[in-house]
Amino acid sequence: MSYFAGIDIGSTAIKAAVVDQAGQLIGTRIAPTGSSFHRNAMETFEALLAQHGIIRDEVKFIIATGYGRKLFKEADDSISEITANAIGASEAGRVFGGVRTIINIGGQDSKAIQIDANGNVNNFAMNDKCAAGTGRFLDVAARNLEIDLEELGDYHFGGDGAPLTINSTCAVFAESEIIGLLANGHGKEEIVAGIHYSIARRTVRLAKRVGIEDRVYFDGGPALNKGLVAALQDELGRELVIPEQPQTTTAFGAAVLARSQYLSE
Amino acid sequence: MTSIRDAINGIDLRRFRFWLQLFFFVLLVYGGYLAINLGQYLPTFSCGFNNEGRGGVCYLLPLQHQLAMSWGTLFGWAGLMVLQGFLFFSLWFFVLNKGWCGYVCPLGTIQDWITGLRQRLGVRYSRYTEGQFRRLSLIKYLLLALMFLIPLGIGGALLPHDMGTPFCDICPGRMIIPMFTGDFSQLTIDFSTKTTMVMTALGMLVTGLFLAGAFFKKRFFCFFCPMSALHYLLSKPALLKLKKDGNKCTRCGDCYRVCDMEIREIADDVKEPRIMQDDCILCLKCVAHCPEQGALKAAFAGITVFESTERGFIKRMTKGHIDEHNTH
Amino acid sequence: MNTTPTEAKAPPYNRSRQAREAETLLDRIEDDFPDNPEAMRYFYALFRRVYCQGEPVKHQGTLVGTTCIHAPEELIYAFGATPVRLCNGSYHYDQIGADFMPAKSCPLVKATLGSLHAKAAVPNTAALDLIVNPTTCDQKTKASAMMEAMGYQVHDLELPPAKESEEARLYWQRAVRRLALRLRELTGRKLTRKNLRQAMARTARAQAAFRTLHQLRKTAPALFLGKDAFLVTNAYFFDDLDRWTNAVEKLNTELLQRQQAGFQAAQKRAPRILFTGSPPIFPNLKLPLLIEEAGGVVVADETCSANRMLYDMTAVDEWLLNDMVDGLADRYLKPCTCPIFTRNDDRQRRLLQLAADFNVDGVVYQAFAGCQVYEMEYRSIADILAAQGIPMLYVETDYSPDDMGQLSTRIEAFLESIKTRKRNK
Amino acid sequence: MTRTPLPLLMLLLCTSPDSFAAPPLWWSETMPHAEHGSSRHSHGGPVEIRRGIYHKNLWLRNGEGPADAQYLDSAVAGKVLLKDVKGAVKELAGGNIHGSYGVNFAMPDEGYYNLYLVNESVTDGMRQFNIAKSEVLKHSCREGHDHVKPLMTPRRLDTIPLEIVRERMPAENFHTSLGFGDTITFLLLYQGAPLPGAEITLHTAHGWRNSTKTDAGGRASFMLIRDYYPPWHEFERRHRQDYVVNAVHVVQQAGTTGEDSYTATRYLATLNGSYYPSSRDYRSYAYGLLVGIFALTATGVGVYLYRRRRQRRFHEVRFDDKH
């Protein structure tokens, strides 16, 4: 039995995925990147293998992706997370009937990718070196509001009245703005909703740059945030397709690519 | 084959043109002495008043003659003769298109010589402003119209008979070209009748203008030449063509700045492949001064004969940098 | 701002920040790539001498700085002076410039002014007798006053904002003639036919050499890499004209040999990239390097630090001063594809033609954050390229190295998408 | 040529034996009555063009010179012969043209047509030959010029007893027209051979005449005098004037024609022609040059001023303050 792995070493989390010969997803694993991410990556990978009772040698081909891809020497090849994400999404998207547009909000960047039917990247856009509208933005907000990242979604719907508008796009300024709003006695709910909408607006602008086509696939950690999803759907004016494990799409894509590369050689 | 093509494209057009023009000048101005006669339908100013020397006759002379026939004859049997003449003229013209102006026309050659003189004297040339240019370039059509109407008027006995060949009367060629064979008899004012007096005086004026103008302005007279206007009306089906590939053009304007006739389209128009304008004299300087591979080309019956090439351009320019006396 | 931070007990130049910046880059250029042409050694050495050792720029006569490609250098040479292009690509000087310029302004202008501000800058600008500052984009236009405030002599070379109209042409010709007057006052020499003709001969030879190099880049697979090409054209900014030309001609002969030998500097599959937008200026070769490190090869460019600066040549009909000077003026205005002009269809056509001639797989469009004209033209360019089915990557960046990781991701993704595209073809 | 002063000449004429003989007959290309409008003028006098063929009208006149000769209303006895360019001779019948007696003939080919009238009569023992000759040129530039060069040479008809031939002037071509001051030479032929010592007289349009004797080669020359003095504004460059030359030769030899006999034969030959004002009378180089030079300087100054204006900045744009 031979397996293929993809490892996505992101800024906040390391995701690993394994597929079998048929390209079926065997399992995934997520761990925080931490400071020495090379060790963590290795651990995550091995833990994943152990979890599914796979021997290292059975893994025939590994492809690394994400910011850390270059430094993960164990990998047989590396690929940019955009391509990986595209492949992963188009694979995972099949069950939804195929997707052509991908929105990915990661730890420190947000991407919009447009792909063709075979999962090849037609066009993509990325935020220009600024944490605004990324996962990091949510972290900051959550910290200021003293609520867990996971709770943000519930808060989003809890509020009565229109969501506030958060004007500052920069994570750093947003921080002070949020504190100001709290001081003015605004409820956390409306603030959270406001934050979600400000992110959604930026993301949609990004998506419009690449052109939005039929189904929109939304992945990355923040995709777990129901509130953000709602806001995005609002701004987009259409349904979003969200996998059950949004964070691991990229790793999955890498694994799928690993398989196809291995088989083609 | 390619080496030959490169050699042609790398040619020093200035020198080539000078010699070719000289050849045609001798042919048309002194050809008569060598018993050369190309007939009387030439689409270029081979002046018929140059009795002994001429190697052929400028078509405008017989044309005006014929048109001056009484209408009865003109619109009767003689009409065919006029058409036949025009046919011969067209056949001549189709070969070289406006190349007749840029390479053959003795009057044009004389102007180029005057320009050469000016260059040696280091006097800068004048250019028209856009507005002037637009207005001036209409004059030749006016002259062409008159050149047809006046003889017709004579034929209909509406105008005095002694207006005979109105354009020849005011054409500087009539006075200047015969001088090259030592015949200064055209340099006169004809007091025989009032009309002739006016016309010849006008002719002298134009000749003076011509000489002075040609000194300050390249190809001064060609802006007003009715022959050039007549050419343009026929130029579409002619064999020799000037073509432009707009995509290759960088609009650097090199062609425009070297153009004797100040034709802007040659540089600015990137849509139209058949770039030749009514003022064009097909001297092909634009092609020689175009640094873009194949952006401009002269094609004869569809076969490219001279094409703008990077190497050719650099060769010519380096030459320009080196030799001190650039007037031909 | 007449005392500069770097003056305060400045370390020996070769230990300074900008020196290290240049050093690291040169190391990358030289060592990260296997087969650099032999003839490139001259340029590597040159940059090391000038940028790392801080060797002052050699020049005869007065040294005239230019801040844009619109300054007719033939004129400057004709007056026995030496032009040096001041446009600067150093992050270090960008930072110095940021001390007294708005943060959002173009890094190129910031760095240029920063280098002028820091007297010990490279290329060594302490000896500048005059700065010719064409009024191109707003930021350069406004720079004049600042440069004067720093105590430099500045001549505003007035460039029209449109180049199609005949009025603009005449206006520009006048401006160039005025520059000639200014240079006469400065140098106290007379402009003669002989001088100008010789000056033009020298630049023409340099341009001819460049064009040959340019044409050699058409060969696929590539004979050498874009980073070297950029290095060559960047050397033109400050190197001695004839020495530069000789070096380039040497490079050309070597590349010709490579061509005959069927040598490949990049794999067959390597995506051929056309680089356009804001100019990569040493040491800011960030983007071209990322492209080629990621397995692409920059085969052509449309930037004012290379092609736009050297490609278009002057044509003269009569070798009289009047015609020569006007001819020069035309050459510096008419073919220029700089986005500051009202219309940009020339630029579009040029890009399409380059893409066709060099059978380009994709276009990378660099826009410096703060260079509005490039940012604004990006859409129209993207559209016409899309119409031709040529993918384009638009990158907004500056001199700071901090977005390298993010950029490499995007570039790799771009190249990967091109590769799949080619595979599917 | 030698010009005999007029009085002497009159004397000569008075003493000449047959000065009171019948006046000569000659052809004229001038219409009898001017009011008949002018026909087309071509090289070699007025012609009519019918369906592309040139036709020539010649009227027979009788009298010393153009000044005092009448047109005839009826034919005179005798043959009218036409020798065409190809050399063929055919007899023509005259008739009434525009009210007077004349002949009309077609000239299909380029070149000279010779028309003769030979009229023979005997009056009191003197046989009288009146021979009128006219030489008509047909030329149209459309036919070109080279192939007609050989046709310049004068042609004659040797069956004519006494014939006057105008010799061509140096470098004469089909476009040459005789003008004031030109010297024309005539060759007198008797039975085809040059006849020396015969009396020959030229009559010009305004009655001036001049007689001389043919030299050893049978030649005689005259200079055409200027006898056209209109007010300058009426000056007509194409003012055509006729001249007539006649020559007399008497042979003292008896003989008979038909029933009447004679003691001597008197031959009287005429040849007509026309001449025009010479170009020297109406062309002026001086004025031409003057105008030319004026234009030269004018434009020179013009360009200078124009450049001055261009050098002053931004003068291309002119505003119209009137509106």
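Going by the order they are written in, the chains are A, B, C and D; count residues from 1 in each one.
Here is the rule we use: contacts are C-beta pairs under 8 Å (C-beta built on N, C-alpha and C of every residue); 3 or more make two chains touch, one makes a residue touch a chain.
Since the structure is predicted, the reported quantities are computational estimates derived from the model, not experimental observations.
Asker: If you average the CA coordinates per chain, which chain's centre is most distant from that of chain C?
Answerer: It is D whose centre lies farthest from that of chain C.
Asker: If you tally the C-beta contacts for A-C and for B-C, which one comes out higher?
Answerer: B-C
Asker: Which one chain sits nearest the middle, judging by mean Cα positions?
Answerer: B
Asker: Cα centroid separation between chain A and chain C, in whole Å?
Answerer: The mean C-alpha positions of chain A and chain C differ by 39 Å.
Asker: Which whole number of Å gives the spacing of the CA centres of chain B and chain D?
Answerer: Each chain reduced to its C-alpha mean, chain B and chain D end up 42 Å apart.
Asker: Starting from the mean Cα coordinates of chain C and chain D, work out the distance between those two points in Å.
Answerer: 87
Asker: Can you list the residues of chain A that touch 2 or more other chains?
Answerer: None at all.
Asker: By residue number and range, which residues of chain B touch two or more other chains?
Answerer: Touching at least two other chains: 129.
Asker: Residues touching two or more other chains, restricted to chain C: which are they?
Answerer: Expected reply: no residues.
Asker: Chain A touches which residues of chain C in the complex?
Answerer: Going by the criterion above, the answer is residues 369, 391, 396-397, 402-403, 405-406, 408-410, 412-414, 416-417, 420-421, 424.
Asker: List the residues on chain A that touch chain C in their complex, please.
Answerer: That would be residues 67, 79-83, 109, 118, 120-124, 126, 128-129 of chain A.
Asker: Touching chain B in the complex: which residues of chain C?
Answerer: Answer in residue numbers: 164, 166, 169, 197-198, 200-201, 204-205, 208, 211, 215, 312-320, 322-323, 326-327, 330-331, 334-335, 346, 349-350, 352-353, 356.
Asker: In the complex, go through chain D and note every residue touching chain B.
Answerer: Interface residues on chain D, with respect to chain B: 40, 49, 51-52, 141-142, 144, 146, 232-233, 235-237, 277, 279, 282-285, 287-289, 291-300, 303, 306-307, 316.
Asker: In their complex, what parts of chain B are in touch with chain D?
Answerer: Chain B residues touching chain D: 37, 40, 62, 65-66, 70, 73, 77-78, 81, 126, 129, 162, 175, 184-185, 187-194, 196, 200-201, 204-209, 211-213, 216.
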